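Take a look at the structures listed below.
Paired with subunit B in one complex and with subunit C in the other, subunit A is shared by the two complexes that follow.
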Partner chain A sequence: MAESYRRGHPGHALFILPYLTAFVVLLAFPLFWSIWLSLHKVDLFGPGRFVGLTNYTRVLADPVFLQAFRNTILFVALSVPTLVALGLFLALALNRTTRTTSFFRGLFFSSSVLSVTIVTLIWRFVFIPRDGLIPVIFEQLGLQPINFLSTSGWSLFAVGVATVWWCLGLPMMLFLAALQQIPADLYEAAALDNASPWRVLRRITLPSIARTIMLVTIIQIVMQFQLFGQAQLMTNGGPNGTSRPLVMYIYETGFIRWDVGKGAAASELLFLIILCAAMVQYIISTRKPEVRE
Partner chain B sequence: MSASIEIANVTKRYGTLTVLDDISLSISPSEFVVFLGPSGCGKSTLLRMIAGLEDVTEGMISVGGQRVDTLPPGKRGVAMVFQSYALYPHMTVHENMSFGLENIGVAKKEIEKRIRLAAETLEIAHLLDRKPQKLSGGQRQRAAIGRAIVKEPKAFLFDEPLSNLDAALRGRTRLELAQLHARLGSTMIFVTHDQVEAMTLADRIVVMHNRKIEQIGTPMEIYHHPATRFVAGFVGSPAMNFIPVQRITQNENGTAVDAAGIGNLDTAIRLPTAFSSQSATLGIRAEDISVLSPGQSGVPLIAEVVERLGDRTLIYGRLSDGTKLTVEADGRNEASAGDRLEIALDASAIHLFDADGMAHHPEGE
Partner chain C sequence: MRRFLLCTAAMAALSWSSFAHAQTVIELQRFFGACEADYGKVTDVSSAVGECGIITSLINKFGADNPDIDVNVTTVEWPGYDQLNAQLASGAAPDVVSIHYSAISDYQARGLIEPVDEILAAQGIDPASFTDAARSGVTKEGQMFGLPFDNWTMLFHVNLNLMKEAGLVNADGTPILPKSIDEFFAQGKQFKEKTGKPYLVQILANETAVYARMLYTFLQQQNSDFFADPTKIKLMTPEARNVVEFMKRINDEGLTTPGLDYAAAVSAFANGAGGIAVNGTWLIGDYVAQSEKSDTALAGGYTVYPVPQLFPERDSTYADGHAWVLPKKDRTAEQTAALGKLFKFLAENDFQWARTGHLPAVKAVFDMPEFKALPFRDNIAKIAETGRSLPAEVQRQFAIQDIIGDEIGAAINGDKSVDDALESAESRINDLLANI
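Coming up: the complex of A and B.
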């Protein structure tokens, strides 16, 4: 018994078989198949024709792709820091155990459990011209109304606001969990060391949760690069494609114009971009590891 | 750099739960005082109240003549060494030591000077660039003490700082702490549940039990003249023997005590007239009981367990009426479990405790 426990038994592999099957069929196989697809001219009605890297050169030369790429980068560059900063701020504010803070923790997290359709519906009510919440407020204040959903520049901003509202719960909870791991006696030592609240935040709290900040940033970069539902449902990528993200470009190319090879090539490029972003974060985070006693 | 500490009628309550009840205590400048007591007696709470980490419900605390219980921890002029050391994990030892000084705007040159001095005193100069996680337990300990020293506080507060060290290191660090106190001449308060630490380090021991101070005294006073039955039982290893008293007869020389399983003993204890033998207890330490050589007759004891410690032998046995008794014999004693021994009690080392646990000692000691 002890022997088999130590050495392992071939039969034990059966226990990971269910997950391994799902992983291979649903993740590994599609990944390689999409690489294969991206090298072929495919239209789903017949066998593909090998075209080498042609799909990639077509994607990179496509102004619509380049616009979607710029939109996505801009979206990630604005939404991720906002999510990290706002999540951290809320976690710091709610990092004590009272009835009120528990209520607000629940409240801020509750948006995360909604589906994207509900979220976009809510925010359409907020932004929709004339009867939406914001136009009403603008009107009350005597300001010139802005059509957030169909004005170039503002439409991506509106998608961003809805996204931050929707995704804020997870960063907040991860930060709260990290803050609660910090030993209380560090703060007591700091109190005896005459540290101001600002010095405590900068020299004790933030360094203690540095790794979690990095983790949340990576998770959010990976997630926000995959923006699709909110843009699709709130602005449909408009006006003029100014709020069209990469995933929407892939969807339109592959499933509306049925240029599957080109869509697959674009998704490989997105995969590479996310991989690079995650790797950069990972390298930075492992170079300056968080130190725990 | 050393100040008196005055604790006047301090009470601590959490809601309806009282954890410290009307504590008063004066500590002189340069004194090394140890708060000794079992877990949950409130000793750490009292220390944390002096540090400012717990609020004072009632009463007053002064350091160096200045009332501090209304001040934030950093303004009280005390430094604390935590049980877990509480070193800032992402700062080097040097940064750990400089952090508090930077916060109060001490000049860079002065900071460097103080750190260099403290590092030399504690022999941690070669560790200054390391982070706590790269240090051993003993080194962390020194770094934590160093962080306290550089602040040049009016008083040092130690919260069970040796409890995370292994036995050998604990003994060595204890010695070094005593030397440090001699060198710095600072007021120090040290919290522990370890009576050896208390006996060896303290100028005075404050024995705490059940929210109150049981006794304040020098280690020898505490050991030889325990004020209460609790102190008598808590301090000393093995613990003092307690034997129920059956009858007491007062005479002109003192008191004759008739204790269960022992018989009559003439002691020099003078009891107040109101003393009742009801629920009274006789106390005697194991080392004040001797094993008689074969042939001599005394009080019979059946040995049940014999512990040989090399320099001495501890015999755990039962008197004829079943009362448990521990006897300390010399290291060469050859008694073994099951033996019937004859023992003698040193009547001059007997303590009597009344029903409330208050102690009475022989006169002339």
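Coming up: the complex of A and C.
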């Protein structure tokens, strides 16, 4: 029986059929269709004309795409370390089993369950000139208010703040789960050795959750490369395109301008970037764990 | 027992067949907002206010007057074209859809909507009964591709209370508005000095369509034929430079509220943040309602005018409008007849829609005493003659508007020089139009 189980049976493959069907229909087919579209001059409403790699050359020569690419890289470079650091900090602070920490865990995670529309509405109330929370505070302090949503540089910052607030819950929870897996005897040994908290953090805690830190980083890189809703609703990509991310460029090209082939080409380029990040995640997650003495 | 069962079955079949015979279902999709909580059951159209209230009660009234027709309404977020495109692409388009005149070219050129001439003729609706501006908005290649519903444009909504404070009111109580660029800055400066507030309340963040609308208006006022070729725009012109430099100077001299998005700009004006709001016809009803309350910044002190002629060549203002179009799909004869009835009903009730502030599409409404009695309609009636849209053949007007908003916004904020912004806008728009 056990031998038979190990050898497997072709009929067992049927068990994965439902998932495989969903995967092929919802992921694999659209992916290959999108590649096909990217090689055609096509809109949303009919067959296109094969144009080879023209859409790719048009995308790569488009200054708006290059600006959106730079914006996205900058956004990922700033938001991901912030999310990882803040998530880790909160997890460390809340890694206790008291009522207060349970309350704060729920509180910090609660923003993650909101829709992007609600999140951006909340942050619009914070940033909007005249009646927004920050302008009112600036006014009380006698400072010149900043138009966060319509000033180059600040607009992407505002989108980043809303994003960090919205996305912080997941990293915090992943870190908390990892922290709770660290054997207590390591901390007891450190206490017997009279190790300082800083030394315990560097020598026990961080090495023990190193793979989770990497995992969270890569998940966040993949997620933040797909920034769209916050930028569209808060700044509409402005001013001067300084907060337009790649996904918004794809949306505008494909759906507003009906240039679906060019939009598909841009989305393939974004796919390549995200694929690289996912491959890094795969390599790290399949690496053999270090043997702990 | 057997007889009882047979009778029951027969009665059920009869009732089903009569139900199926009686009900013609048409799917209507529109923007203009959702207000089911307030107007979901209202059929007294005259009691409704605002775009959403009036269109909701109009459709309710049509349903009540035509019990054999079920109108299933889907409300979409403005402007709703993403949803419509997805529906058209998947062969699941609604029967009738609200649309802007400026978007009709895209759908007509691609064969996605149907001409309505026959449906109008069947209902006895004479195309000549519509204003020239409305009719030209829906006419492509000699055919009407929708029922024109209104014309709208940007206006100068004026806070008379602040204008009085600034000394910018005539003896007859009308506001003193500029007739040239120099007068504009002189009055703007005077307003700011006297009231400590900006002269204009503008939408300068997030939704930047207003940049394009004002650019078109002031280019038209200079007789600039910037779309002489509908597949190419010309923006590297002295006229375009004049307009963008004018708009930038307003910002540089602090004569406008900075950084407000649409919602913030609407409420800022209502709260007395500045003298003149540059916004659309659709706000007239709301601001009139504000001015009729005693505890508002507009109390007893609101009026509205077309965007003034600031360039000497001609009086003109960019105008667009709303229409109802029929996506191409298979319909029964009953559905087509029901749509014809709906069109006739909407045309006959164009006065009710005009209460929103939009200009009527039906000529006869202008002569109705009820229309003339509506507040400030005399002030803006001339838009029926001075309102001009882009040439009918220009496609992707919404996308063009976005590009202009991007680039002119950059020039106004000082992120780009005026020339760079115009060059970039021209090249981006022409690339877009060359790749349709």
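In the analysis below, the second predicted complex is superposed on the first by the 260 of 293 C-alpha atoms of A that agree within 3 Å, B and C clash if a C-alpha of one lies under 4 Å from a C-alpha of the other, contacts with A are read in each partner's own complex, and residues count from 1 in each chain.
Here, contacts are C-beta pairs under 8 Å (C-beta built on N, C-alpha and C of every residue); 3 or more make two chains touch, one makes a residue touch a chain.
In this text, all values refer to a predicted model and were calculated from it rather than measured experimentally.
**Q** Which one hits more subunit A residues, subunit B or subunit C?
**A** The partner with more contacted residues on subunit A is C.
**Q** With both complexes superposed on chain A, which partner does A:N194 reach: first (subunit B), second (subunit C), both or neither?
**A** first
**Q** Examine A:R130 and indicate which partner it touches, taking first as subunit B and second as subunit C; both and neither are also allowed.
**A** A:R130: touches subunit C, not subunit B.
**Q** Have a look at where A:T235 lands relative to subunit B and subunit C in the superposition and call it first, second, both or neither.
**A** Once the two structures are laid over each other on A, A:T235 reaches subunit C alone.
**Q** Check whether A:N147 is in contact with subunit B, with subunit C, with both or with neither, and answer first, second, both or neither.
**A** In the superposed model, A:N147 contacts subunit C only, not subunit B.
**Q** Have a look at where A:L186 lands relative to subunit B and subunit C in the superposition and call it first, second, both or neither.
**A** first
**Q** Output check: A:I204 vs subunit B and subunit C. Expected answer is one of first, second, both, neither. What do you get?
**A** The first partner, subunit B, only.
**Q** So, does A:F45 touch the first partner subunit B, the second partner subunit C, both, or neither?
**A** second
**Q** So subunit A touches subunit B in one structure and subunit C in the other; where do those two contact lists coincide?
**A** Looking at subunit A, the two contact sets are disjoint.
**Q** Which residues of subunit B touch subunit A in their complex?
**A** Within the complex, subunit B contacts subunit A at residues 51-53, 72-75, 78-80, 82, 84-91, 99-100, 103-104, 131-133, 147, 151.
**Q** For subunit A, which residues count as touching subunit C in their complex?
**A** Listed in rising order, the residues are 41, 43-45, 58, 63-64, 124, 128-131, 147, 149-152, 234-242, 252, 255-259, 262.
**Q** What part of subunit A is in contact with subunit B in the complex they form?
**A** 183, 185-186, 188-196, 199, 203-204, 207-208, 210, 290-293
**Q** What residues on subunit C touch subunit A, complex-wise?
**A** So the residues of subunit C in touch with subunit A come to 81-82, 85-86, 88-89, 106, 110, 112, 204-208, 257-261, 264, 267-268, 273, 396, 398-399, 402, 405-407, 409-410, 413, 415-416, 424, 428, 432, 435-436.
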